[in-house]
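Pasting the structures in now, so scroll down.
Look for subunit A in each of the two complexes below; its partner is subunit B in the first and subunit C in the second.
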Partner chain A sequence: MDQSAFAAALLDPSLPLPAGVTCARGEPDATRFSVYRNNVVASLSRALGERFPVVRRLVGDEFFNGMARAFLTVSLPRSPLIFAYGDTFPDFVAGFAPAAALPYLADTARLEANWTRAYHAADATPLPVERLLAIAPERLAGIRLLLHPAVALARSDFAIGTIWQAHQAEVVGSVIVAASESVLVTRPTFDVRVHVVPPADGVFADSVLRGETLGEAAATAFARHPDFDFGHALLGLASLGAFADSPLQGDPA
Partner chain B sequence: MNAITPSTSLLPARAGLGLKPEHVGEILDTEPDVGFFEVHAENYMGDGGAPHRALGEIVARYPLSLHGVGLSIGAERPLDTAHLARLRALIDRYRPRSFSEHLAWSTHESGFLNDLLPLPYTESTLRRVADNVDQVQQAVGRQMLLENPSTYILFEDSTIHEIDFLERVAARTGCGLLLDVNNVMVSAVNHRADPFAYIDRFPVERVGEIHLAGYDETMDGAGDRLLIDAHGSPVSDDVSALYRHTIDRAGPLPTLIEWDNDVPAFPVLLAEAARAEAVLDSAKSWRDARLARRA
Partner chain C sequence: MNRQTLALALAGSLVSAFATTAYAAPLPAEKMVGMEKCYGIALKGQNDCAAGAGTTCAGTSTMDYQANAWKAVPAGTCTSMEVNGHMGMLKPM
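What follows is the complex of A and B.
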């Protein structure tokens, strides 16, 4: 038996059964082989549905399973760590023509992907806000803070944080989707937290998460949002758990 | 063949349950009398967070069985050494009483197929599986148990009976066996074999753990009964009878209730465990009585 032919037939129902497959009657039986086909497709679709529950609710089970099937046919998991399956699903959703009527779907998927990564991220103590407050203001600009392993940001032209929050309830109220939102995911201890941050703080957080110094990130935010409040944004990010505890420049020796 | 410490039965000969995240709080609050808990290794291969915290709390209170579903021991391609390293780290961290995997394959060049796929039983696949089991045991530094599969198809080129295949792998590598009694029933019905004869031939002295689960039933293309290994319902009456037959023959063995889909409230699982425990208890009292007569 050639496992490549077996795998190909699993993923493409139009292919004939692999050579050498039989049953106790001494003949191949397509119903039996389709049990394996169903297992692969159903288990991977279920895994995606568990990782992207809000996307699934937004489009309904039938549409979601069709989209999942289209995705898994071109993107099988790269490892047996199924909780990590779907890191590229948001990009796939963005290009999935049948979902084009829901332009916020891909960014909602990005937020959900961030949520799972945060859930499984390494444990780390968040940087206490008092440590930041102890630093002389003139030294802050040159600092790069160590990011918490769980922190992630999703920025969207749509209200993905509000959409996500609304779909945590059994009954979903109406949501005005056409409002840009930046959504920060953190996990200070074991519970994943989802926060919509102000637009200027979102620009700042995006720069900080890309590894810019606090001064560079503040300049970027200020250029886009003249009302940007550096101190408020920095303390806000720290209090939400965006940074990990570590020795800082300016700490008392 | 390097020496692997034999440790076939370090789990207690009691009923155990699969650990589900939604039950962890209730288990830690009520500390029910469960013989052991089993987890799928791959679910605990994240870097941190709630899964590891929960597992740490469980192993502080209960014996742990680690059950892999992603090694792909039957694959034509080489084992994934990064995955072996993750397994080793998990075993070193949580010190499970037992580590088990499947006689199946699930990885291919195109990716991980997330199902336990069947392989033909030939001299060539036997060599490959035994080499892989050797490699696993060396990599994780301990004995593993190899589980008999549930299958829906047969292969024309199979030349070795499944039991002989498993026994020869075990004899060559020193691995133990995990006897999934539900899988025996599923495969026997699907391939028109006698499940009781299978148990009577099985090398029970190599068995370190038993699995029980519920199956679904459908029909194949010719209208023949086709059982599906579904893990989403109580253990059926025929599998319970086969289990009693197994314990009568093998004596009390650690027995896991597998219920992975449509997971019910925890008390439902406890009731399933109690049913298995009753079978184990009667076997233990029968054994004790026999020993007392002999004394």
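What follows is the complex of A and C.
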């Protein structure tokens, strides 16, 4: 049996029944293949729905399932780990024309993807906050702190943290979404933690998470928010578990 | 701000933050769990594994999986979201 033809026919019902798909008597069995094809679609759609429960509730099951089907025709799982499926779903949602009226949808999906990644990330001991004080003052600006494996930040022009929080309840009330939010996800021990951090700290955290030194990240935050409080931000991020314990090395400038 | 000034400013800011918040004393790792209350807005979620299943046998041969005849509209809780003072959607579909 030609596996590539079989795989292609799984996702495109206009393609002919793959050769070799037969019933016991040797005749082509379109019905059985159709059941199999639908199981592929239904199971992957369901996996997406369980990874993105807030997005699913936002748009409703019918719309979500349609969006999931559109996604899986362009992005099949690349890992046997089903919880990793959908890493690219937020980007897909951002470009999905029927959802264009919901501009906060893609960023909400990013937050949900971050949550699942944090849940399954490797364990690591967070950097004890008092270790920050042991850094020599002249080396502080050049340091790149080791990021905790679970940490992730989602920045949005919309109130994605508030939206996410509202959907943890059975009944979702009115939410004003037109407010920018930076949402940090960490897992210092066993529980995933979700925090809305101050806007200036979101800029800082974004730079740090992209690998900038503390000095570079602070400069970026100062430029955007003159009232940025470096010490409070760094201490806050460390206390939430954004950094992993490690020997603190200065940047070899 | 030159390099030296920046370094001193950052260090001073950090020392000040330690001095003015509840972080001053060294804390054992197990105590750090509660510290997130001191920073940002903690959001409470349902801490279970969201993605697990996906191995269901839910398919049938009659399910419509064709995405080319798109006519669904978002009909979930998005209708109770308020964008720029308008309920529901930012712009008409």
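The rule is short, and it goes like this: the second predicted complex is superposed on the first by the 238 of 253 C-alpha atoms of A that agree within 3 Å, B and C clash if a C-alpha of one lies under 4 Å from a C-alpha of the other, contacts with A are read in each partner's own complex, and residues count from 1 in each chain.
Convention: contacts are C-beta pairs under 8 Å (C-beta built on N, C-alpha and C of every residue); 3 or more make two chains touch, one makes a residue touch a chain.
If you're wondering where the values come from, they're calculated on a predicted model, not measured in any experiment.
In the superposition on chain A, A:A9 contacts neither subunit B nor subunit C. By the touch criterion defined above, A:V21 lies against subunit B but remains apart from subunit C after alignment on the C-alpha atoms of chain A. Within the superposed three-chain model, A:F83 lies in touch with subunit B and with subunit C [touch as defined at top].
When the two structures are aligned on the shared chain, A:V208 is found in touch with neither subunit B nor subunit C. Within the superposed three-chain model, A:A242 lies out of touch with both subunit B and subunit C [touch as defined at top]. Taking subunit B and subunit C in turn and counting the residues of subunit A each one touches, the greater count comes from C.
By the touch criterion stated above, A:R57 is placed in contact with subunit C alone, subunit B being left untouched.
By the touch criterion stated above, A:I160 is placed in contact with neither subunit B nor subunit C.
Using the contact criterion defined above for the overlaid structures, shared-chain residue A:A122 touches subunit B, although it does not reach subunit C.
By the document's definition of touching, neither partner reaches A:A217: not subunit B, not subunit C.
The contact surfaces that subunit B and subunit C form on subunit A in the two complexes overlap at residues 31, 35-36, 39-40, 43-44, 47, 82-83, 119, 191. Residue ranges of subunit A in contact with subunit B, taken from their complex: 1, 3-4, 6-7, 10-11, 20-25, 28-33, 35-36, 39-40, 43-44, 47, 75-83, 118-124, 149-150, 187, 190-191. On the side of subunit B, the complex with subunit A involves touching residues 42-43, 45-53, 69-72, 75-77, 80, 82-83, 105-115, 117, 119-120, 152-157, 190-193, 219-222, 224, 226, 228. Remark: subunit A residues 13, 31, 34-44, 46-47, 50-53, 56-64, 66, 69-70, 73, 82-83, 85-86, 98-105, 112, 115-116, 119, 125-126, 128-130, 132-133, 137-141, 161, 163-168, 172-178, 183-184, 186, 188-189, 191-198, 201, 214-215, 218-219, 229-232, 234-237, 239-241 touch subunit C in the complex.
On subunit C, the positions that touch subunit A within their shared complex are 3-4, 6-18, 21, 23, 25-27, 29-30, 32-33, 35-36, 38-47, 49-61, 63, 65-67, 70, 72-78, 80-84, 87, 89-93.
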